[in-house]
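Below, each structure is written out as structure tokens.
Look for chain A in each of the two complexes below; its partner is chain B in the first and chain C in the second.
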Partner chain A sequence: MIVFNLLAGALLLLTGFLSVYLRNAVHAALALAANFVVMGTVYMVLQARFLGWVQIIVYAGAIMVLFVFVIMLLYAAQAEVGVDPLPWMRRAAAGVALAGFLALAYAFSAARSALGDKAATALLQGGTARVLGPVLWDEWRYPVMLVAALLFVATVAAVALLRPGRGTA
Partner chain B sequence: MIWQLFLTAVKALVLILALLFAFAYITWIMRRGLARFQVRLGPNRVGPFGLLQPIADAVKAIFKEDITVERADRVLYWLAPLIAFTFALAAFAAIPVGPDGWVVANLDMGVLYVFAVSELAVYGIFLAGWASGSKYPLMGGLRSIAALVGYELALGMAILPVVLMTGSLNLQDIVAWQQKHGYLILWQFPAFLVYFVASLAEMSRTPFDFAEAEQELVAGFHTEYASMKFVSFYIAELLHWITGSALMATLFLGGWAAPFGLPEVPVLWLFLKWAIFIFLVLWIWASWFRTRYDQMIRFAWGVLLPAATVWFLITAYYVAKGGAL
Partner chain C sequence: MSTFYLLVSAALFALGAYGVLARRSAILVFMSVELMLNAANLALVVFARGLGSASAQAVALLLIALAAAEVAVGLALVVAIYRTRESTLVDDLSELKG
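Moving on, here comes the complex of A and B:
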């Protein structure tokens, strides 16, 4: 278990850094995909199995679309990134990420001391669809519907914007 | 714990060997079958009925020169066949071939597992296309992604009614439900139709084999590959056919359960049902044309997905009213 945690942590850090620092956009996207897959396995080991598979299917799958964007937008010019036009942005992003990480660490340690190890595992019950479903569709019914409505509006807007023969195009 | 691990490892090994053997002879069945459809003989010189042909092919492939094209991205060019091959091989692990112990990994989310793994296999295809540093492979790779985005949705939508009716994502539970209530192909015929068409695209078989489309793209994503790297892609591709057919047999034809009250024999019944789908795909392959790429994307989004969604809503209503289960 400890071996897995260390290995997964190291892999997550490595792929995370690679996805930021690799100069080739396709390599970076691939590192991000690997990061998501490892993250999925971590979820599964932490008894959130449904979430783990969904993480792999949805997030690692979405990277695929990112590839298409990379090729459509960058391939004609260069797949490699040139000089950074906004150098201060990196430092700012690093600061924000660090602050976010500390906040999350605090939140988790607080939640953990409130729940205790055993309670969390009992609560998750393996995180199967059967456990997760009622929580999502009973307790969190309205947020789920709101998100669905939001996605639907976004889809309709995208289709409306792309309709040929209208506006500028 | 150790014993469990050991048992799983042995099962996985047996499955891998069985799959590779199945691959070798599916090439033979494919070539002889296609030849039959086209009124010719097919390979019949090496051994009786040409049965040793796959071995001859393997030897030939191993001794071919392994070329790396100059403009290739070397690391990914090497990694792509590995990814395609590994995930294609792994997808079968959740499909049960018999009761209880007769499955490598009895996952409570077996359906999602098969989905996730066969989705990750597309990475191999796309990376092969991109890393070759050549235009036709790149187009093949891009097409495979477009197909994934279009058809994976229809495929998922077609599985949802099955999951709703059986109330489980576990493939063993789905088989058990069918043993009790009858095959899902009877309950869920529209879902089966959508699933079958979408999985033809998922397996990249005719009429949706446009990722390689030899008349348009030379050989698509594996144009620049030779020797064992090419063979890895070939194996991966036929393994998708093998796994996809087994999954269809499991989801809609009752999997390993014996039909008509015949005695239960592990492996045998799944094998026979699997053979039906293998033959169906081969039949379509031999007698259909390849659809144009843009038409097939339009078909995925405009026909398959809405049809699957409507059927999903009908099933949801039926299940909510207390039918099934």
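Moving on, here comes the complex of A and C:
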């Protein structure tokens, strides 16, 4: 188990780093897809089996295919090449990222004492659909409806934005 | 184990933040945003395990659905901008700066 956790953590960090480091957009997208797949397996180990499969199917499947599709559609010929117009931006971004990491690590270390309760973990029973379903459709029914409406609106918006004959303005 | 994955989550979030700020293509900025969303989801799943709370997992599921909606609209915007500007570099979209 420890071997799996270390390997998964290292893979998550490696693929995450590659996805923000690689210049070729297709390579970055593939690194991100690998990151999502590993993340799905980590969910399954962390007592969230249903979420793990949703992660692999929706994120690594649907969302990343959408990304690769758009990259292939209009981006393949246009990579991040040439002189960076804001050369100081990378250093500033690295500073912001480091500060964010330290702040998050501090906040998480404060919350650590609440975790690691084996009795509480047993309540999840692996986080299968049998456990998650009743919670979703009882306690979380209104948020589920709201998100469903939002997905519908987003789909209509995406189609409306790209309908032909909309003009070039 | 929980602490380890929380640290991984924080590191992934920081990597995503770096990508959002340093990347020049709108599509790659979007991918970095997805990385940050995933890092938040990982933290949610770790907390769900530690607290034995299926509600935290429900929030994570709703977050995945929200991310799907965000990607649909975001990529539609990128394609629409590319149609008029022939570019997806965020540096080319600077008309609104003060």
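By definition in this document, the second predicted complex is superposed on the first by the 106 of 169 C-alpha atoms of A that agree within 3 Å, B and C clash if a C-alpha of one lies under 4 Å from a C-alpha of the other, contacts with A are read in each partner's own complex, and residues count from 1 in each chain.
FYI, a residue touches a chain if its C-beta (ideal position, glycine included) is under 8 Å from a C-beta of that chain, and two chains touch if they have at least 3 such contacts.
Nothing here was measured: the structure is a model prediction, and the numbers come from that model.
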Partner chain(s) touched by A:155 [first = chain B, second = chain C, both, neither]: second
Chain B versus chain C as contact partner of A:39, first or second or both or neither: second
Partner touching more residues of chain A, whether chain B or chain C: C
Touching partner for A:90 - first (chain B), second (chain C), both, neither: second
Partner chain in contact with A:49 - chain B first, chain C second, else both or neither: first
Touching partner for A:61 - first (chain B), second (chain C), both, neither: first
Partner chain(s) touched by A:29 [first = chain B, second = chain C, both, neither]: second
Overlap of chain C and chain B interfaces on chain A (superposed complexes): 50, 54, 67, 71
Complex contacts: residues of chain B adjacent to chain A: 73, 76, 108-109, 112-113, 115-116, 119-120, 122-123, 126-127, 130, 138, 142, 145-146, 148-149, 152, 169
Residue numbers on chain C that touch chain A, as the complex places them: 1-25, 27-28, 30-32, 34-35, 38, 41-43, 45-55, 57-58, 60-62, 64-73, 75-80, 82-84, 87-89, 91
Complex interface listing, chain A residues touching chain C: 1, 5, 9, 12-13, 16-17, 19-20, 25, 28-29, 32, 35-36, 39, 42-43, 46-48, 50-51, 54-55, 58-59, 62-63, 66-67, 70-71, 73-75, 78-80, 84-86, 89-90, 92-94, 96-98, 100-101, 104-105, 108-109, 111-112, 114-117, 119-124, 127, 131-132, 135-136, 139-140, 143-144, 147-148, 150-151, 153-155, 157-159, 161-162, 168-169
Complex contact set, residues of chain A against chain B: 24, 26-27, 30, 33, 37, 40, 49-50, 53-54, 56-57, 60-61, 64-65, 67-68, 71, 126, 128-129
